Structures are given as structure tokens and as C-alpha cells.
Amino acid sequence: MDIIVLRPGASSKELHNITKKLESKGFKANISKGTERTVIGVIGDTSKITEEESSAFEAMPGVEKVHRIIKPYKLASKDFKPEKTTIKIGENIIGGKKIHVIAGPCAVEDKATLLKIAQEVKKAGATFIRGGAFKPRTSPYSFQGLGEEGLKILAEVRKKTGLPVVTELMDPRDIYLILKYADVIQIGARNMQNFRLLQEVGSHNKPVIIKRGLSATIKELLMAAEYIMAQGNNNVILCERGIRTFETETRNTLDLNAVPVLKNLTHLPVIVDPSHGTGKWDLVAPMAKAAIAAGADGLMIEVHTNPADALSDGEQSLKPTKFKALMKELKLIAKAVGREI
Amino acid sequence: MDIIVLRPGASSKELHNITKKLESKGFKANISKGTERTVIGVIGDTSKITEEESSAFEAMPGVEKVHRIIKPYKLASKDFKPEKTTIKIGENIIGGKKIHVIAGPCAVEDKATLLKIAQEVKKAGATFIRGGAFKPRTSPYSFQGLGEEGLKILAEVRKKTGLPVVTELMDPRDIYLILKYADVIQIGARNMQNFRLLQEVGSHNKPVIIKRGLSATIKELLMAAEYIMAQGNNNVILCERGIRTFETETRNTLDLNAVPVLKNLTHLPVIVDPSHGTGKWDLVAPMAKAAIAAGADGLMIEVHTNPADALSDGEQSLKPTKFKALMKELKLIAKAVGREI
Amino acid sequence: MDIIVLRPGASSKELHNITKKLESKGFKANISKGTERTVIGVIGDTSKITEEESSAFEAMPGVEKVHRIIKPYKLASKDFKPEKTTIKIGENIIGGKKIHVIAGPCAVEDKATLLKIAQEVKKAGATFIRGGAFKPRTSPYSFQGLGEEGLKILAEVRKKTGLPVVTELMDPRDIYLILKYADVIQIGARNMQNFRLLQEVGSHNKPVIIKRGLSATIKELLMAAEYIMAQGNNNVILCERGIRTFETETRNTLDLNAVPVLKNLTHLPVIVDPSHGTGKWDLVAPMAKAAIAAGADGLMIEVHTNPADALSDGEQSLKPTKFKALMKELKLIAKAVGREI
Amino acid sequence: MDIIVLRPGASSKELHNITKKLESKGFKANISKGTERTVIGVIGDTSKITEEESSAFEAMPGVEKVHRIIKPYKLASKDFKPEKTTIKIGENIIGGKKIHVIAGPCAVEDKATLLKIAQEVKKAGATFIRGGAFKPRTSPYSFQGLGEEGLKILAEVRKKTGLPVVTELMDPRDIYLILKYADVIQIGARNMQNFRLLQEVGSHNKPVIIKRGLSATIKELLMAAEYIMAQGNNNVILCERGIRTFETETRNTLDLNAVPVLKNLTHLPVIVDPSHGTGKWDLVAPMAKAAIAAGADGLMIEVHTNPADALSDGEQSLKPTKFKALMKELKLIAKAVGREI
């Protein structure tokens, strides 16, 4: 069901053309003439009308606006699948009672550093190690990651600690490399609408964490998930990581409202990245706690043994001691909302 | 200390004019010639340089940019007063260990309704009653509030329940009316930069809750507090209530990052309004819990016995039963962060 | 005509309650049951439904969303009055073929400076002098304007140059003072939703320039105009002056799209302020030209004989020589779009 | 030259650590102790400090903030190359006196339609044909383009009309296909920070139009250009196409301020896309005129013979008759600013 509102003074010929076009596409038109506007209710399965067709109706003479009633995503929608999705990765189930914390450095730098960080975060209660081998950097002159070398280090650290590996895919040409080493593929915020990349990860069965784009609406995040699911991969985890607003005290504005909104709209698990979301290490702890209180299924937190020497994002990384203290606090919050870490 | 960056190729005469102007205002200029830019460090008490003087320097030939190092607010700053401010209102202390919940309808409608709501929220643990007698409405055709009649109802309800009254001042001409009936004056988001109104409430000693404007930065919120404090009234409570972003799933984007950021910058108490902040009743509970977890000193929550008949903001009001259930959950969260409700 | 969309699975009792409530308010309900959603078309004069009543419907059990079809403003709407409004101020007609340029300093500083500026801008082709006697400053420590002294200087300068005076009203308590001296009252961006101030200027017949708020939508700007017009004053001029976005290269983002959008929606004249809109003097000329090309009826431009000594907004003021050169260019653009300056 | 501001109360040991770290990287530290803050001026070629290193300094104990003085882009900067870049494509020079108009449908649909459109726009004065063979669609269920078939149609239409072809590259795996058929490669807004794609087009010599991302700052657009240029391809054209703001009357907010701002910062040509920038066909003409008045070097305009049947973006496409009328008006504006079409 969609609604087409006509301009005041739309002619009966314009109305006729619209209803004819609707009928040619298999819909019925329910016309209501109000005192100020004429409105057409479109009867039929309008979920099959694409955004493009809808916009073409908006281009027709006499049309003021098209209101869409049906959500443009289906597989990702709770209407379609009301029960929560859980995703099993090794021993870990994401989307269940247990809240998972994915921790590690922004970029993989060397084996000794990563191993040390992994051991520390595991001891504190983290259940996944993260680290980038391919890094999307705003400057071409910045460190771009170690590439396959970094992936190998991740795999070795997994072997030693048992922590499954989360790492980012930036380029469809690297998919088999990533599939070989990673347990969970991360799609970064800047690639949330890199539709070819989404189709690529949708064609495999590996779990995917998709991060919300800096200026992506919640609906667009769900459409990105839909892209992956439409290829057959239902193992999708959504990640809020801060949106771009006018505020400059934080690097981004971590939008925790997205957590309960997504919980209302989708069956997919939702996690939060307060490190990128705020861009400042001293905001990570309060926002991590708030994320759990708001209902998140997990967290992604940057930890580095020596933030001031990190090759990237040092200003938002926690030291292991701070991370350990935070994990203790998170356990209390998790319990207060009926969950566990 | 401010920093003036010169354009590449700025002439020595331009540099001379800038240093002369600085000296005429009592400052010293510390000139560093780098390989790509010349930079002037301004030595002296630059906190006295107004934004206007700073912008005038930016207008001088040869200047590329002025970086301000000193915060433009002082009385509101933690640099100036490191210990937390607490505000005593009757028996209640805002800014201490106890978290306060201010509850009530958006607008005062009639005595029976308000009394009923006040009794319910008090039973659930709220410590203040809120309700607007003067309402800032985006449409001139909407209900504008009962005026003094509404204030009288608030006062009667206070008498019966003991709950202190929070109500909004919209017009400096109403100040004495509000002072007569209210325990706390609320300045609404749309008036956050109504500087005359700020000066007016600054001239009295009554506690003030100032709500962050829809597009106000955290710095501007602190400047608004500074306006009030510069007149002598230090009883200022800051309230995050949602900012305007591109996202449309929520009416506003409640910016919980503002809580820890403000805690870093100011000694003033910080509360959160998840009702206006999200605009949807089913988001109030998760975001209220998240606000406490993030460190807020209090909450402002809309409660109405019959949201579907409320004269305003029905879609974001909780029914008393839902409010009661929320208060129970909030107590657990408060305890988890070492506080109480 | 409004549209109420029900949640999937809404009960027939919920549907019944909604239609009953509609009928109690004098509307008819046209129910369409689609394959995925049930939709209620509200038949009757829904322009009388306030935002509050609409939001109360949204709070009813079973309701997913209310789509409003009718615009919430009426007097300001082209639907209501298709022919363009023109406003006569002395010899000048705003909203006609001739494009008017309002020029002058941000704040009135002293008589000699203002007179000099007025003479220069008049010579270059400006038809109004602007200057603030009451200044809304973000810092309480900034120059707040000369008050009545400034208004007297403006009146004297008008006497000597014949240029009508545009000046800002910040406080309803100053209305009679402003009425005494000004030819056009300006409502600043930060007061666009100071509803009491709008009602005050609506109660007199003096022309009003209302500036779009930093985070105001175009619809909200029209609602602010509606507030003034609802009191009886139809002499309203709308002014685009930049909105707040994430971009930091400009102080604000001058939104020239607002010009043709407003021309589609309203009969009121539309002017543009490229000085505040960009915050940088070297962007004023290109954006002033673009504003005329986009269809603006006038411009408001800051001019100061000595920007580096201006008491406010020096970095966005043009010197008279630059202003003169710009006016020449503007004449060519005006001619190219079939108008004149 | 960068500036490091210390927190109030930073210890002398913290200061020592910072200066030691600076010296280890080959810089000198110029320390100024003000009354309220200590500030370190970093002496040396700070343009080599990456964002990551800068952020690592911000993570050091005692540091409040790092102010960067040097622009992070170099090859794209006017500081580096003051004279304007012109790009020759066939007979056409972009960035010179002549303003170029690139016109055509959003997507290539079939040969007859594209040829008809190409002939019409050529007759009206357009100098390039545009059309997508690979389309980035927000829904996986929308028409995704004809692929190579579409590219072949573009090449045939070029052969018949002589108009060079502009078409989008979405996936680095398609680069050789695009190189084979296109005269100019377009990088879409959603791929502006798809860094691997940027590196790919940077490795060939084909001219590139890079569109500003929906939430990209002007600085980030220049960094994206820098990515391409750092690989050796200097034939980069920047395109403003609307940013995401809170306003909903337009699909995006076309930010014409970007035109003069970019002209101040870079030597690269700047064009404007008012079709995507506004999303509504009736705003295309006024904003196209405004873009020329603001100083743009070209326009990209969607034209379709039958917008209501277009497979994408019908609501923002002009019919050939409207396009022809617009071209006439644009010629007048171009002349008024000393250029030609």
C-alpha cells in the first residue's frame, strides 16, 4: 500500500494517466477526493515497487508526493522474521543472552604487540580479537596496513589465544584472502554503500559485521544488510559507530538511539563501537556502559598497549588496565539489564 | 594564549600591522617562522579577547586563521571551579550521589489530571513534578498553555504532594509570575540562545534548567550557562534533550555523548530528557537507562495518564504503569554505577 | 486528508477505537485493508488538526505512523494566496522586479562610521541601511550594542541619506523603541522560534524580515511567518542566512536551494544574507551573485569601512570598494535573469 | 608547523616526554608558557606528520589538543600549484573560459532512447553525454544497470553524435572495461572514500570526475583527489552534488558554497550536479544558474525524454524542451560572469 498525493488543481486527465499507469503494473487505485487534496491509495503488493518506480510516479504531472507505507527492506525486517537472529562463531553466540566484547588495536602492527594485546583483552573477558590488515585511511600518505602479513599475524594470535578474528575487507579483490584468515568480516563505515563489496560478502557464508556509514540513516543501514542477505548470507551483525553531525567536541556523534530503534525494526544482532563513535579514549567507558544499558548485543573496543605509539587511532584506544577496569563495570551493567558478559 | 596563522606569502608589513595591533591591546607576539607558514603566538591573558576581537584579527590582511586556545566560558568551566556543583531545592540535592527524576505531562491541562499524574510519579520515585503553563508551539494554531491558571494548578499539586515544581519561562515579561510559583525555571531548547531571557533568569537566584538547543554545540550550551552565571545566578542545571541530525527514525537524536563530555568540561549538574530527545515513548526506557549509565545526574520524563488524549506530545509520554516499571529498572542501573535513585 | 497507517497485526478493537476518536472530532474514516498494512484515510478538513492532535493519534495503540498531507501553514502558503506579495517601504517595493540590497555594518558603533558607510553603500546602489543596536552575542562578555543610542544614530543617518532603516528586535519589551526608529524590523536567526517575539511583531503593521534559524527547516521558517501573519501582520520577508551542517570551511552552509523551494511554496518575498551565511568576506561576492541567479528578491550584505576594527563580524564584512565592485557584477546577473537592481 | 596545547596542570615530566618524542622524529619544540596554558610550537616540516601520528600525540598524557596548521593535501593544493589546471578531453577543455555541460539520463536503458537524448542535448549545447551502465542503488531489488551492454551503447552514441562519454566506475574489477569505453570516469558520491577505487583510477591517465560524498567535508573531497593524484593521475575534476543535512524539502542540500571555497583552495576544475544535488526537476534550473554565477566550470544535468518512465531518478530529470530553455538562460548567466557556454 502506497499513497500518491496530487497537487491542488491536478486535472482529471492527470489523475487518469496515473491510475492507468498503476493498473498497467497490476495495482488498483483507491481514489479519495478530500476538500484540499485528492489522494490515491495504491492497492496490491507495493513492496515490489522499487524506489525508482516510486520516484518515476513522483515525476508524473499532477503528483505532489508519494508516501511509501511499506518498508523497502524485507529479509532484514522483523515483520518478515519476528524471532531474534543468533549467530554462532566458534563457541560464541552473538545475539543471545551473553554480550560479546570484540577488542584489539585499530591496525595490526607486529606479532608481539598483537599477541600481548590479545592476551590482555582475553584475560579481561573479551571474546574476539580485532585488528585491521587493510586500513581505509583518509590520507594516501598514512599507513595502509600490513596486508596479508597482517592477516597471518591475526591467525597466529588466534591459534595462541583461541580468540576468533574480526578484520576488515575493503576491496572485493581481497575476498578470498580474508575468507582464508578471518572468522568475521568487517565492512567499514566508509564502505557501507559500496554495493559491490556487499554483494561479494553476501555470496559467502562467513559472518559479517556491517558498520553504519557516517551519514547513513538507520533505514540505509538496514538496506545495506538487505544487500548482503539478498545474496544468501544471513549472518549479518549491525554496528553503530557514530554519525556525522555539527558537534565537534566528539569526532563523531555515537547515536545510541539506533540500538533500540534497530531492535524494533530488525531481528539482527546490534553491536556498538564507542571507540570510533566518540574518537576519544576518555569517552569510551561511559558510552560503552550506556550502549549495554540501551540494549546492545556487543561492543567493539580499541585497546593498545601503547596508544601514544599506535600507528593509528591512538587517541581513542584504551590501555589494557583501563580496559580491564571497564570490563568489570560492564559486568555490573549487563547484570542490571538481565544479561551477562 | 591564541595562535594566529599567516597566509603563505604574507608580507612583512602585514605581519608588522598584526603585531602592532596586538601590542596596542596589551599582548606580546611570539613569532615562529616555519618552512611553510609563519605563526604568531599571542602572549598575555587572551581569555579577555572576545569572539568579536578574534574575528576582527581574522579579517586583517595576511591572516589565514586564528586558533583559540582558551575556552570562551569561565564561570561554567572546571578549570575555574574543579569541584562539582550541587544545587539544593527543598530537600533535594541535584548533582550529588542521588539521581533525581523529574516527571509529569508536557502541558498542564487541568487540576485533576495533573494531581493524578503527580501522585503516580511520586509513588514510583520521582522527586519533582514538571508541566508547562506556557508552551512554545511550532504552530500558532496549537494549544499555547493555560498561563497563570496552569501555574496555580502546579502550586496546588505541589501543596498536596510535596513535589517541587519545574516549569518553563518563555518571555522575560513573565519572570515574576514564574518566580512566584516555580521551584525550578526551565529554559526550553528553542530559547537556549534567547540571550535576554538568559540575562533575566541570571538576575534572580532561582535554580534554572537550561536545555540544549536543537543545533547547539556543547560549547554553546556552556556559553548559555555562562550568560546566566555572569549575572550572578550559579544554580544552573544543564539538560541534553536531543539534537537535529539527518536521521528521521527518531524525532531528534538524543546525544548521550554530551553527558561525559560535559562532565569533563564543567562542574554543573547534567540531566537528560529522553522523552523530547527521542520523541517516541518506546525509546524512552532504553535511553533513560543509557543516560544513567553514561553518568547523568537526573532525568526529565514525560508521563501522562492518557497519552492519546494529551494536549501535547502524546506520542512520547509514558503511562504511569510503564513509568513505574522503568523506575525499577533505573534503580538497578543507578546501583551498577555507584549511585541511587 | 491525513493518512493513519496501522501496525501489522493491529486488532480490530484498536481500529475501532481510532475510527471512533476520528468520528468524535467530526471526521470520516476511509479504511483500506492492504496485503501488508491497514491504512485509514481521514476525510474532512484535516488542516484544523493540530500537530498535537496528530501526535496524540500516533500515541494510540495499533498506530504505526501518521502521514500528514495538508501543509501546517496556511496564510503563508501559495495554495491560499497564489499571487506574489509585494511590500512597500517608503519608495521601495520588495518582491517586485527590482532587487533590493540592504547594506551596512553588523553593529552600529558610532555616528561618523555609520554615516560614512551609509553614504558609500547608497552611492553603490544599496536601498536600505542595516545596523544592530541590540546584538545577540554568544558570549555575555561581547559588545551587546549601543541600545537606544544606536537607534538614534540610525534615524539620523536615515535623515541624511534617505535610506530606510533595518534593525533587529531581540526582546518583546523593546518593541515600542524599535517601532519608533525602524522601517523594517529584523528577527534574528536565534529568535526564529521565539514565539512570543513573533506574536509581538505580528501585532503591529511594520514590515518584518525573519531570518531562518540555524537548524530550522524550510517548513519551520514558514510556520514562523505564519505566527506573525496569524496576528494580522502580512508584511513578512523571509531571509535565508545559512544553516548548520557538518562542514567547517564555512561558518554556516548558505542554503540557496531554499530560494526556489520557498518560491514554490509561498507568496512572500525571499532575500538572502551571504555575509552571515558564509561568515567569510571572500565568499560574499560569489554567493551574492548565485543568490540572484537562484531567484532571490534581495540581499543583505555587511559592509564596514574598516573590517579589522569592527566591533563584530569583521571577518565577513566587505570594504566599500569591494561592495561597489560587487554591485556592478550583481547588475549584470540581475539583467541576465530579467530583473534589475 | 603544528601546535600542541597542554592541559592545565600538565607536569614537567609530561612536557619532557612530548618534546623528546618530537625530537626523536626530527622536530624542534618551541615552548611558550602562557598564564593559562602551555603551548608547544612544532618546528620542522610538519606536512610529513600523518593524521595518525598527530592523533598519537593527542593520546599522550598531558596533551589537551593538537592544532594542525598545514593542510593535509598537497598535490591538490593551490599552495603547491597556484595556476588553474585545465583538462583536455577531445576538443573540449575543462577548467578554461568555456563552461561545459554534461547531460544525459541517469542510467543507460536502450540505444534508441539514449541516442534521442544525446541528439537533443547536443543540439541544445551540451558537450558531453552521461549515462550509467553500472548503477549504485540503495536497494538490491532495483535496476542495477546494463553493464557492458550499456557501455557499448554509450560508445555507439558517441560515434553518432561526437559527444565524449562520462560513465561511472563502481568496482576496481571493472576498470579495464570502463577504460575501453569511457572518455571520463565518474566516481560516485557513495564511493568517494572507496580508497582502493581511487588508487585504481589514479593508476591510469583517464580523466576522473569525483563526486563529493553525502557527508564529506570539502577537505575530505580534496583528500580523495589527493589519493588519485598521488598515484600519478592529475586529470581530476571535482563535483559538488549535494550534502546530507536535516532539511527534507530537497533530497540533498546542494552546497554551492563549495564552489568558491574550492576555488580558493585548489587548482582543479569544479563542476556542479544540480539534479542529484536537489533531487527535484523544478529546482534544477535555478540551481544550475546559481552554480554558474558562483563560479562553477561546468554542470552535470539529468535529461530524459520520458522522466515518468525512466528506470531511475525520474523525478529529477529534465525533458529536452526544458533543458533547451535552461541552456539559453545559462548562456546569459555565463556571459554576465565573463564566461561562455
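Here are a few things to note about the model shown:
Letters A, B, C and D name the chains as they come in the text, with residue numbers starting at 1 for each one.
Assume a residue touches a chain if its C-beta (ideal position, glycine included) is under 8 Å from a C-beta of that chain, and two chains touch if they have at least 3 such contacts.
Given the structure is predicted, the values throughout are model-derived calculations rather than measurements.
Relative to subunit B, the most remote chain by averaged C-alpha coordinates is D. A separation of 26 Å divides the Cα centre of subunit B from that of subunit C.
Centre-to-centre separation between subunit B and subunit D, using Cα means, comes to 38 Å.
Averaged C-alpha coordinates give centres for subunit A and subunit B that are 31 Å from one another.
Multi-chain contact residues of subunit D, defined as those touching 2 or more other chains: 215, 244-246, 248. Viewed as a contact network, the protein chains are fully connected, with every chain touching every other. Note for the complex: subunit C touches subunit B at residues 21, 48, 50-52, 55-60, 72, 136-143, 170-173, 190-191, 193-196, 199, 213-215, 220, 223, 226-227, 230-231, 244, 281, 307-317. Residue ranges of subunit D in contact with subunit C, taken from their complex: 215, 217-219, 243, 245-250, 253-261, 263-265, 277-278, 282-283, 286-287, 289-295, 329, 332-333, 335-337. Looking at the complex, you find that subunit D touches subunit B at residues 1, 3, 5, 8, 30, 32, 34-37, 39, 41, 43-47, 67, 69-70, 79, 244-246, 248.
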